[in-house]
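Just passing along the structure, written as structure tokens.
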Amino acid sequence: MNCTTLPLADAVSVIEDNSVVMISGFGGSGTPIELIHALIDRFKASGSPNNLTIINNNAGTGKVGIAAMIKLGMVKKMICSFPRSSDAHAFSEKYLAGEIELELVPQGTLAERIRAAGAGIPAFFTPAGFGTELAEGKTVQEFDGKPCVMEHWLKADVALIKADIADSHGNLTYRLAARNFSPLMCMAAHHTVAQVSQLVNPGGINPEHVVTPGIFVEAVVEVPNPKQEELLIRAGEDYT
Amino acid sequence: MNCTTLPLADAVSVIEDNSVVMISGFGGSGTPIELIHALIDRFKASGSPNNLTIINNNAGTGKVGIAAMIKLGMVKKMICSFPRSSDAHAFSEKYLAGEIELELVPQGTLAERIRAAGAGIPAFFTPAGFGTELAEGKTVQEFDGKPCVMEHWLKADVALIKADIADSHGNLTYRLAARNFSPLMCMAAHHTVAQVSQLVNPGGINPEHVVTPGIFVEAVVEVPNPKQEELLIRAGEDYT
Amino acid sequence: MSIINPENLKQIKLTNTQIAWRAAQDIQDGAYVNLGIGIPELIARYQPQGRQVTYHTENGVLGFGEAPAEGREDWDLINAGKKAITLNNGAAIFHHADSFAMVRGGHLDLAVLGAYQVSQTGDLANWRVGSKGVPAVGGAMDLVHGAKAVAVITDHVSKDGKPKLVEQCTFPLTGVGCITRVYTSLAVVDIQHQKFVLREKLPDLSFEQLQSLTGATLHVENEVATLNAPPID
Amino acid sequence: MSIINPENLKQIKLTNTQIAWRAAQDIQDGAYVNLGIGIPELIARYQPQGRQVTYHTENGVLGFGEAPAEGREDWDLINAGKKAITLNNGAAIFHHADSFAMVRGGHLDLAVLGAYQVSQTGDLANWRVGSKGVPAVGGAMDLVHGAKAVAVITDHVSKDGKPKLVEQCTFPLTGVGCITRVYTSLAVVDIQHQKFVLREKLPDLSFEQLQSLTGATLHVENEVATLNAPPID
């Protein structure tokens, strides 16, 4: 209801230096490339925002999207499960040079920590990671004889996500497996910006088919025919 | 995939004496009345199953459904958030006579404990209930200065739930607000039985519209034109 | 004398619908709101013109509208009070854990609940009056720790004339330090820094009279405004 | 002599596709299965006729099918390895937390992963070989504690000839006590009561030769069956 419809540049203006930003997507599926590039445009023009902490499953590939943000020096820290890929040079170079921080989180724990933030659960227990270096220093407690690690919620100042259809209340649907982290990030961020392929009037989405209710969305940007990050990478595009 | 299609009587035959059974529904919305009454038929014929622990938001109304189970003496314990209602005589009488146990759980904690069981989260923290008699004896820990109570997952041997459409893989959709606890209970029970209004072939439900994936469902019973518990109660029906 | 007799009090105090009307005036355009079963539900009727408010119900609906005409009920579409509802355009349906993620994750702007007692430290007692009878809690314990603001709407005194605004609750608690504003039949009171701060009172009631009907000290900051509500049925 | 030389070993050992074929024979009709990125993915190709298996991918799809023809990819529809997939009839799509609820809630019948090392107590090391380079874990730490059974598919020895089945892992752990069966290029080995129990071995390899290529004691219960796989490309 209190969701507003904005141009790309305005939508990303809420992100400040040192912000924690969740970015949806898994590979190119669900990556809000237009929102990310609008943020990069702003950085190129003004030097801001910088020192960002980015939460995503990966750490960017090629020279577009999150990889371009990293290469341009906008990112202080990545929180992700899988920063390695065949073409993740931007992150690898910065990481091996000690110029970017990494918080590595098992993928299911990452998803659950984000959901927990959205659901008001400050901490939970999971066996995932027990006995590994990713659980070092964490509280361990046994349940039914199984040792579990205590994990904390993961919040963000802003989430940039990609959806398919939105109504003007911010209700969202997603296309195929592009759903992945988006519904969770919408819940966990203080301010959620969704780029959508199509904006419809209230009533245009069957209430039973809404995946993200509008209460989790603060701003919607209509981007018809959005670019697919995977294709940009394969075409060798460079947004740095 | 390993989901089977059964008649009502066969579907409820998995429930044994002393089982923990989740039953979906909130008021008459989402209550699998045909499954419950098939279970009552079995009890009337054989005296089994008895000593059941039932998990539901309420504790039955009128003389049908869970109320009839309680009146007939099938239920040892209720785990619920709101056992009081204008016409909840069956539970009230047994409870005040000390003949039935009650574990009272805040509604959100009840939903989250059921989800936790389905998601492999043995325990989580929530501020709900802190400082109240429902949190007595529970572990308390502060997060960001807010005291929280540790709550444990809530599992069941069997879930009896009502859905709208199923395909033969057990993928489910729900009608309107009849969704409520069903998707969570499907995840949390060792064996989930769904009564559905319509059974379709695989491909008959849009993969994006599936609410409960078939992996959470062991058996499906087709009950076209199911009865609405609210109307049975208003009509004064008696299944005891 | 500053003590008001029960007969006079009955004549001047606001009705439940008038308290609901007063509470409705404070709900902002665009707000997401959960209204407790009973008197709080009345608030939706008095939503000021021109404001869009989205109502949430625990059983998994956001954006529900008025009750359907009698005979047109669909009992798969009800609210937390088990009353039949309708869907507004732009409504969304979700399961119970997602519904309480909205509640407990701090996404609702406001929850309004009834009360047996509210303490000056913001404690609420509204789910049982003692250890007898059948206890029932529903979603109240979740709502009080989840919504961005949690208000109470209540008669200023109980049916037997006892203050409901107290130093410490004697009935079992629903939540600790969770209430920030109380709309009563006589006054509007904020809870700040563990004190009751009087914001509005009925014009026909002196401060001393109001204090005598309140179980804890009423503090005053700046001016106390006049509590007015139009006559309703 | 019982020590086999590397050249002979190369000639008799199963190829990755043959190991995948062998693992596929054990997957039951109706099973829900997650296959790790890389070699484990090959298993789906050798699913025996007449068995229906539903494949799960971490990024939120149950019931996906083969890769689309080249040029027909929809990059919104990929698997955890970021390869384009298709949907079978009866597929379901869900978000990442629901996907890992399936994994961590014990709903998958089987997960098959690759390995750097597996210990006789069922510990797995498969996510990094040391403290250098960029670490990446993905969903492996979740899968090993979630699926009802977790199997490993791997060469019996590393590229430099070192045993991958060991008393204790020296590489960083993915999970503790989580692996129950290992399909290697030379044998099928169960992990029971903190011991390696040999179930099948290649016919052209003696027990002593196999033991010499294994970093912990191989136990035998009853008979050791012959490991056979058809020639595949």
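The letters A, B, C and D name the chains in turn, as written, and every chain counts its residues from 1.
Everything below uses one rule, namely that a contact is a pair of C-beta atoms (placed from the backbone, for glycine too) under 8 Å apart; a residue touches a chain by one contact, two chains touch by 3 or more.
The structure displayed is predicted, hence computed values, not measured ones.
Minimum number of contact steps separating subunit B from subunit C: 1. The chains in contact with subunit A as well as with subunit C are B.
When the interfaces A-D and B-D are ranked by how many C-beta pairs touch across them, A-D comes first.
Centroids of subunit A and subunit D (each the mean of its C-alpha atoms) stand 30 Å apart. In terms of their C-alpha centroids, the spacing between subunit B and subunit D amounts to 37 Å. Taking the mean of the C-alpha atoms as each chain's centre, subunit C and subunit D sit 58 Å apart. Residues of subunit C found to touch two or more other chains are 61, 87, 93-94, 97, 100, 103-104, 145-146. Of all residues in subunit B, those that touch two or more other chains are 112, 115, 119-121, 126-127, 175-176, 179, 207-208. Shown here, the protein chains touch in an arrangement that is not a line, ring, star or fully connected set. Going by the touch rule set out above, the chain pairs that meet are A-B, A-C, A-D, B-C, B-D.
Only residues 57-61, 74-78, 82, 87, 93-97, 99-100, 103-104, 123, 133-142, 145-146, 172-176 of subunit C touch subunit B when the two sit together in their complex. Residues of subunit A that touch subunit D in their complex: 26-30, 57, 81-85, 88, 91-92, 95-96, 102, 104-112, 114-115, 126-134, 175-184, 211, 228-231. For subunit A in complex with subunit C, the touching residues are 1-2, 115, 117-121, 167-169, 171, 187, 201-203, 207-208, 210, 213-216. The part of subunit B that touches subunit A in the complex is made up of residues 112, 116, 119-127, 141, 143-144, 146, 148, 152, 173-176, 179, 207-209.
On the subunit D side of its complex with subunit B, the touching residues are 29-32, 52-54, 56, 61-63, 87-94, 97-98, 100-108, 145-146.
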